[in-house]
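To keep things simple, chains are lettered A, B, C and D as they appear, and every chain counts its residues starting from 1.
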Amino acid sequence: MTTLPRVLIWNEFRHEKQHAAVAAVYPDGIHEAIAQPLRAAGFPVRTATLDEPEHGLSDAGMGLVVLHSGHFSKLFKRLMGASCDLKWREADERERIWVVAPGHPIAAGLGEHFELAREEMYGEFFDIPAPDELVFVSWFQGGEVFRSGCCYTRGAGRIFYFRPGHETYPTYYDANVQRVIANAARWAAPTAGVMLRYGHRPQPLEKLAPS
Amino acid sequence: MTTLPRVLIWNEFRHEKQHAAVAAVYPDGIHEAIAQPLRAAGFPVRTATLDEPEHGLSDAGMGLVVLHSGHFSKLFKRLMGASCDLKWREADERERIWVVAPGHPIAAGLGEHFELAREEMYGEFFDIPAPDELVFVSWFQGGEVFRSGCCYTRGAGRIFYFRPGHETYPTYYDANVQRVIANAARWAAPTAGVMLRYGHRPQPLEKLAPS
Amino acid sequence: MTTLPRVLIWNEFRHEKQHAAVAAVYPDGIHEAIAQPLRAAGFPVRTATLDEPEHGLSDAGMGLVVLHSGHFSKLFKRLMGASCDLKWREADERERIWVVAPGHPIAAGLGEHFELAREEMYGEFFDIPAPDELVFVSWFQGGEVFRSGCCYTRGAGRIFYFRPGHETYPTYYDANVQRVIANAARWAAPTAGVMLRYGHRPQPLEKLAPS
Amino acid sequence: MTTLPRVLIWNEFRHEKQHAAVAAVYPDGIHEAIAQPLRAAGFPVRTATLDEPEHGLSDAGMGLVVLHSGHFSKLFKRLMGASCDLKWREADERERIWVVAPGHPIAAGLGEHFELAREEMYGEFFDIPAPDELVFVSWFQGGEVFRSGCCYTRGAGRIFYFRPGHETYPTYYDANVQRVIANAARWAAPTAGVMLRYGHRPQPLEKLAPS
């Protein structure tokens, strides 16, 4: 048996307070829409937002799931070592998300593709390092494609980027999206850690006899 | 200065002899359509076909570029260790090929995407090992995506799979397709080789003093 | 909560019957030495051997962990699409296995390296496709290195190759080796599967309106 | 034919001026020791050092080869998005560098391994993202291993990290090391570039007809 990892959901929580159109879709904030199905699945969930002291991030574990426009967060850009820039368009168009790594735990329980009736378009070239594992590729009605599910490791921490989620669309109520997020939370959970030790090691592990 | 590698183009060369619709597009065979721009670029080019003795493959170097339905050749399937199966449809639909690795030599000289007005659709899931490098992703008008440019290494040999090329379409006369094939021929050329040695090595490189 | 996957351990079980030196180390067969700690950890375990009807493999699930000389099995070579050849030496030398992917679930609970006092040497070049994830690198007293823990995916199935395990050494009684095998059994377990569908798709997902 | 890329070699050039032991090995600076064989091979070479105006980096192209302690440069750490920390020891020990990607252009012309009689030890865990391609693995006499040749891409630029080169050893006079550096300079050279375009794309490539 494995216990579910603790999840901390972080959201700016400003759009919802400033724009009626966003509040209409996410009245309690996007973080609550994401939290609810995870709580229902048994994850211990906390939330935090930008306007709390220390942005609500006074402690943080490892394992990071970055959603949608989080691609442009300082944190993600720094971990990627790249601009993370992309093309975008808001035109109420259809997105079809294809699974290209069907054995990956983040794709567990999905069909071979799923659709979002209306989403913001994100298009290539997406300036990220080549993912360690590419799980999803999106098709957009307007003619673009996008690497929509990307796995990375930094140190002993795992990172998953998942594209969908524009704040004016009910994306986070979609059952497939909720499933991906729950799968990703499990996948990104830290393992019983190897202790990482660095620096001066004056004492060799083997005797340095001259050969 | 680097000299261009020798190129051997292999084609079944049966469709062109049996089907007037194919012969109309490729009167001298698909292999000649592929050979012509490579010769013009200075590559030393030979061709071989299925009905020659030993299928024209009495000698063969390393470095393999597999085009279109070559995904289902015995050779490619054996090198991949996978079924290499996929979805397909012939419906005269548009394909848009996006560059997702803009610094890769196989993408040199291309724009950020290019289009083929009519092509056969190949759709995911494409049952291949995750590519060592993914260079192109295709968008299809009918709603599918496809990993269209995939790099692999086996032993000291390099393999590139490139999706387009259905025999009833003039794909191999497209300047972008020709450029990709020339780039791939250069990329797949064997390097001055490391000699691969295997087997019993009774003599250690270091003295096995007891510790 | 997650339940542990069913495990089938396959062993030739001939060396143990034919060579007293091997039987002295593994009196009930290597498969039983591997099975015991997995059973103790709660995995449902079955074993099968070469001389049973159908080699004991009348049914088989997905997820494959290949140990030591299994690198030269037909199954592994076919899945790799490569010769899987390597250098080797039996000289009672020390192996030190270093973790190079400390966040990987297969490395969970290990230190930054562990040692096997005496093992068979396997040395590079190991003719495998570049692993999707490289978890361990071995140092050998005699001067070689080896990629000792290699992850792959084929179709929806996960494959892990783990180097140690020569039959004349008590490798499978080592607590770190046992931990790696249990971790790998969990990691390779199939996920709730995406159904893989291939072949003719005459009906597009989108209307093919002329543009 | 392909022309050789322009090379800019950057070195702090302080150790050589401050420490007689370093000056004895590299009297004209490490950058000149690296430059000489590249010039002899026909590369157009410039050098730059820390104490020049703008550190001699007033213009800079793409393509980056990072040597030895450059792993801790701001530039490399930022591009990696990781601490790039490691273990180290100065104990005059032997390093044996094994080729694990024999078909890679950076390994062209090498044997299956080469040795440096005395080098500084760098040991795992090396806190880098998993390399896109791993070309070399080092064995150290003192018992450690290290991923010594690591390829990355950021945007359209290629990055190669190569481990050897401590300033008190004549590493850069070694013919194999010189060959790796020349190979890497060729490999990292920018290709005829795909133009990277980002940002708002209000106009879809396809008509957004309601389906």
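Please note the rule applied: a contact is a pair of C-beta atoms (placed from the backbone, for glycine too) under 8 Å apart; a residue touches a chain by one contact, two chains touch by 3 or more.
Note that this is a predicted model, so its numbers are computed, not measured.
Interface residue usage between subunit B and subunit D, two copies of one sequence, is largely shared: over half of the residue numbers at the contact are used by both copies.
Rounded to a multiple of 5, the Cα-based rotation taking subunit A onto subunit C is 180 degrees. Centre to centre, using the average C-alpha position, subunit A and subunit C are separated by 30 Å.
Distance from the subunit A centre to the subunit B centre is 34 Å, each centre being the mean of its Cα atoms. In subunit B, the residues that reach two or more other chains under the touch definition are 96, 99, 101-102, 112, 123, 125, 130, 132-133, 141, 143-144, 153, 155, 194, 196-197, 205-206, 211. Chain contact topology: the protein chains form a complete graph, every chain touching every other one. Within the complex formed with subunit D, the subunit C residues making contact are 96, 98-102, 112-113, 123-126, 130, 133-134, 137-140, 143-145, 147, 206-207, 209, 211. Within the complex formed with subunit B, the subunit C residues making contact are 78-83, 85-89, 91-94, 121, 123, 125, 127, 129-130, 132, 141-144, 152-155, 194, 196-206, 208, 211. Touching subunit A in their complex are the following residues of subunit C: 1-4, 62, 96, 99, 101-105, 107-112, 132-133, 141, 153, 155-158, 190-197, 205-206.
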